[in-house]
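My structure is below; once you've seen it, I'll send some questions.
Chain IDs A, B, C and D follow the sequence of writing; residue 1 opens each chain.
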Amino acid sequence: MNLPRNHASTDTQSSPLQVADRVARVLAETALARDQRGGTPKAERDLLRESGLLTLMIPSELGGLGETWPTTLAVVRRLAQVDGSVAHVFGFQHLLLATLQLFAAAEQWRPLFASTVEKRWFWGNTLNPLDTRTLLTWNPTGDQGAITGDKSFCSGALDSDMLIVSALQSTDKKFLVAAIPTARAGIELHDDWDNIGQRQTDSGSAHFENVQVSRSELLVTPGPLGSTFASLRSGIAQLILSNIYLGIGQGALQAARAFTLEHSKPWAASGVAKASDDPYVLRNYGEIYTELEAARALTDEAALQLQAAWEKGDAITPQERGHVALAIALSKVKTSSAGLETASRVFEVMGARSTVARARLDRFWRNLRVHTLHDPVDYKLRDLGAFALSEQLPVPSFYS
Amino acid sequence: MNLPRNHASTDTQSSPLQVADRVARVLAETALARDQRGGTPKAERDLLRESGLLTLMIPSELGGLGETWPTTLAVVRRLAQVDGSVAHVFGFQHLLLATLQLFAAAEQWRPLFASTVEKRWFWGNTLNPLDTRTLLTWNPTGDQGAITGDKSFCSGALDSDMLIVSALQSTDKKFLVAAIPTARAGIELHDDWDNIGQRQTDSGSAHFENVQVSRSELLVTPGPLGSTFASLRSGIAQLILSNIYLGIGQGALQAARAFTLEHSKPWAASGVAKASDDPYVLRNYGEIYTELEAARALTDEAALQLQAAWEKGDAITPQERGHVALAIALSKVKTSSAGLETASRVFEVMGARSTVARARLDRFWRNLRVHTLHDPVDYKLRDLGAFALSEQLPVPSFYS
Amino acid sequence: MNLPRNHASTDTQSSPLQVADRVARVLAETALARDQRGGTPKAERDLLRESGLLTLMIPSELGGLGETWPTTLAVVRRLAQVDGSVAHVFGFQHLLLATLQLFAAAEQWRPLFASTVEKRWFWGNTLNPLDTRTLLTWNPTGDQGAITGDKSFCSGALDSDMLIVSALQSTDKKFLVAAIPTARAGIELHDDWDNIGQRQTDSGSAHFENVQVSRSELLVTPGPLGSTFASLRSGIAQLILSNIYLGIGQGALQAARAFTLEHSKPWAASGVAKASDDPYVLRNYGEIYTELEAARALTDEAALQLQAAWEKGDAITPQERGHVALAIALSKVKTSSAGLETASRVFEVMGARSTVARARLDRFWRNLRVHTLHDPVDYKLRDLGAFALSEQLPVPSFYS
Amino acid sequence: MNLPRNHASTDTQSSPLQVADRVARVLAETALARDQRGGTPKAERDLLRESGLLTLMIPSELGGLGETWPTTLAVVRRLAQVDGSVAHVFGFQHLLLATLQLFAAAEQWRPLFASTVEKRWFWGNTLNPLDTRTLLTWNPTGDQGAITGDKSFCSGALDSDMLIVSALQSTDKKFLVAAIPTARAGIELHDDWDNIGQRQTDSGSAHFENVQVSRSELLVTPGPLGSTFASLRSGIAQLILSNIYLGIGQGALQAARAFTLEHSKPWAASGVAKASDDPYVLRNYGEIYTELEAARALTDEAALQLQAAWEKGDAITPQERGHVALAIALSKVKTSSAGLETASRVFEVMGARSTVARARLDRFWRNLRVHTLHDPVDYKLRDLGAFALSEQLPVPSFYS
């Protein structure tokens, strides 16, 4: 698989969004077939490696593209318009790199970033705060640990080069996070993700059997949620999700437009010559578009706020962190509802023939339905309500 | 495949709903596998033949069960809770039998009904008012015609014994309907239905090549929409659809309940021990249930009105016919929206693990999404609005 | 004020609904002026006394009309279409009479019912389970008590002949209910209800100063919620509210129709000659009508279930009682949402000129907005969800 | 009436928003009483004259504040939070000044702007494109015309110093617009606006009797919608409305917060000690807040786009103008729905006691209900749908 002419990695003139657009066009060609097949999108992951986009948020002095969150999230969104799965593992790349920056000291993450650039590492996720089955036990001298246990929802771990892994310290159940090579002995990543949507995210299970971790591989300065700045991680994770939801919703609308214009027939009782003149079809498009645009506006605002917070670094106050979390919660709530509604309603503006299996136009709904269950929207609404009513800020956690 | 003990056809004590319940339990065992596979549900169609339920609406003096529309529609709904496809072709059996009664003279339909009982005929649909590609050309003496052309959306035609077929008279494009054996020479039914939902309805295409039809096989007394009574057909069709939509929605709720109670975990921030104690989970169930019950109440009312209209026969007035059509339109609108909303929202009360492909819990949404596109809800709302505002009654057609 | 010809009280041929319809037409003539004025609808209350409708649920052997809940609730609904306030105090008449039947022995309520017929008593409410400020203190011999304290939301107490009053027993805070004459010394009913809606319900405050109550006036056999049958009271209260909400919503639709047909102009961009031909106007009417009809269907079903439960009397089981409560909860939820939505949306199908103050077309929304706050819909949804998920029945209380 | 200390007109240090905030606090003190009273808010209009805010959009070289649309609209929004009526006539000041800039040559509007600063003119509206009853007839030499006829919806004309007036040229029905002094002979402004909301906007009727207009007072270079730039007027009008809707919605939320925190009691079945801990209360606040914030984000974006278009002046292309119109349409649709929904739902988080008439908490809904009927939201959705589906841009008119 190759990028079209003006290939990203050799075309230093292109902006990240231009490169993303070219990648998206390549992804789109096979997205339907890959949605059906599931499994690891190996060629597409390699295309991302090759594109340079995996280094979007790596500072330029370390060889990365030195971009901002707004741009990075826009790239995630663009990819999600054509391929929710690839957008997901791509988005997690940046979450996992950010995890290094947020939880570890510069001395620790800078070399890892440099290697990410140099070796085109794709990072995978085996951090799951809700899954308490993996334990880390230290050797007698305490410099070397071993992780054993099972883990679920390990998105993008298959075909990754490096992993962010979490485990509970066996003695006190302290939540620990480390960065280790995927190839390390004892790590079994199972090809067992077979779900109704996001089918190429490899969000399956893993087993760790006595996987060795040195103390220096732990992210402990300041560690998970170890500072106000570190607690931005949940916001980054949530905003990556929001952009994926939004992108999928936008992709559904784009697909619907093409279908209505090319294939839809006017309803007999409408009295119009083309489906695109039907007043109800137009109104439905108007409602769908309005809600997607509302979601987009909130999502764009949240990206700007995240970037400002990111640039503050350790100077960020809990108050500022809280407001960023709220802006991101707004985006999360609205992209979830607008995306799902879009992905289901578009069939009503396309008509019965749009349900042929080969068009796989249900994939937008299936992808959103799976991915929006990451954490409950009702609790985001509760957090937003506590602020709207009492100016309470969300309590920092891995989800808020 | 066999019905459980107390098999329907040998158990004359059972009510139709008891038989339907037993059939439903059998269908449920394989519904997931068959949703995946698609194709003709041959064994299940034979089970229906064997169950006696294909004769629900056939008068008892002709050997049928002599039931009413409320009971027949309740059976359709019960089957739809576990299998939208089988419910669809089963529902169409009764629509097609009603078509004979509505469009043809008693001398014509009574022998066909008797044969339907005796030979356990399953009727299939090749009537499509929107598809103008099949033409009927008469021979010089005008007693024998030949149908040639293509047709789409021929639900339940494969594995049927008899067909209701429509064609345009070649000379004047008059819309004609006939009842002919499926096995007649020249009929090709294509196994080409592969859609995202209602996957075992065989709603694919057909080709007619010089298919002979005698004048006596035409339904012309009074013919399609040939009288006020005859124009009840669209209401019957629409109310069968409504009951399928409602049943699918109820099936989604039933599946969700089982999943929540058995598998769902409480969200960490909820502070409750069981997902079933979460105030938001409860409220979501409450909203879903309320809308489904509202749809059910309207649907039950419509069935009673249809039955009253049915019993009036040719004595029915256009005014009465109009009110039945409105009651059915209410049911159609509300089952569409409540069903779709249920089938999508239930995931929010089940959680992320409910999206595993093997559970196929998305089938309720896929089935509803496909089937609710039969005709646009917006035009039903327009009809209802014209009545609510100006007391206008729907103009009789194949859809209203 | 007089009823039109064929006056109810002298026209024994008329059905209750015919009488209600005539009363409604009289009420309609002054409803706008009285909405503006507020205060006690004295003439209208006398009209109800005169109409005989206050005895709808009193058994015919005691001189009443001997009607059923479905008919009584239909009358409430009919009055609510033109006057939410009068419908409210009228509905409470039947709630308070039912309270006697449910909480007291036949020897106690039968004479009160006979007097209600004979003296055309209008009953008023000073029972409020949430207001704990009135205490009843017994004299040393324990046969005579005295009630002292304040009470809020005393709907229909002004101009009433008899009151149902609640108080907490001073010693143990036990909840007591009694039936006493409104004229009894020490009862001050304040004319202080001035709210945005339901402006003639006199739902203001009262003060009780050493009001004497004999033990025989207490309703103690079985007393408040003292049996499964007695606990039907909340259902009756809730279903009266539902019918008022529904009636107000229907009244809003009726007023809107008249306005659209007579006054509304087509929007320039619509390209149609009359507002009633605008496809969006029609669709809006269709949506409004569908939701109101869904609410009506649930409400009609609930009335039938209530009547069946009522006829069971003490034979009713907790299980049966629970199912009635659920049916009524469905009605309550749906009439609340459909009513409010209708009352607000109708302006969109009437246009800007419908907002002139003298038309007072906002009164439907104001009435519903006030009255639907009686108890929170969210908790009804929780109850419905607990049933839909776990088959739990609502715990009997004054609200569920 | 006086502004608090640091009075605007003497405090040149204050930003417009700070001044607006002080004005808003003054308005809030009497907003309830004035909502009840209706009529012309004379003192409040004088306060605005005195505040300097009437010159927000007048270039500083002409003595105005030289502000931008985003700031001006933010001021409109701030005032609308406490007083929808005053915000309305204040917003129209800027619409009418913009009308001069858009429809007339600089030589014509610059002196009028200078006088507006110097004489603290408040401009009033008697332009109504849908009202065709006023005709302008020229004298034989064609230099002097006379306007005669009636006009409705003349917001802010009473107590104004200058009017923008429209009339149809008697010969050819050409739509003409002029700027004339309110005091000119023959102009009768009727104090006949008595509507359910926006009660102090004086949006009543006017009569013109042979009102003299010189040709030089007509706005003809380029005239109404006479150029792409001139056609921005509808966008400005619509975005002023949007900001009023949004401000009213935000005001409703602010009032609700204060009420819930101070007065609301927890529902018995909630099991919580304070209403502000009720999970459903919080979720309701969260939903309300999310929709308002979505509306705000779109509205803020639209203001930036309007400003960019404004700065382009005659260089603006139809394409650019179309995109601004779409951004504003998004804002209009979303502020309408979010505002109305907020203003009605807030009662559910406040409870029954919030409906006392003296609190007039229904005024937010009444104001929005009246004002959102300015032009139908359905046609905005149609325009948005035509773009979303076919990339059609809205056809310039006085409403799109």
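Everything that follows uses one rule, which is that contacts are C-beta pairs under 8 Å (C-beta built on N, C-alpha and C of every residue); 3 or more make two chains touch, one makes a residue touch a chain.
Remember, it's a predicted structure, so these values are computed and weren't measured experimentally.
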{"item": "Furthest chain, CA centroid comparison against subunit C", "value": "A"}
{"item": "Where subunit C and subunit D are represented by their mean Cα positions, the distance between them in whole Å", "value": "41"}
{"item": "Distance from the mean Cα position of subunit C to that of subunit A, given in whole angstrom", "value": "53"}
{"item": "Residue numbers of subunit A (touch at least two other chains)", "value": "279-280, 283-284, 378, 382"}
{"item": "Category of the chain touch graph - line, ring, star, complete, other", "value": "complete"}
{"item": "Subunit A contact footprint on subunit C (complex, rising order)", "value": "279-280, 283"}
{"item": "Residues on subunit A engaged by subunit D in the complex (per definition of touch)", "value": "253, 257, 260-261, 276, 279, 281-290, 293-295, 297-298, 300-301, 330, 333-334, 349, 378, 380-390"}
{"item": "Residues of subunit B that touch subunit A when the two form their complex", "value": "130, 153, 194-197, 267-270, 280, 284, 340, 344, 347-348, 351-352, 354-358, 360-362, 365-366, 369-370, 373-379, 382, 397, 399-400"}
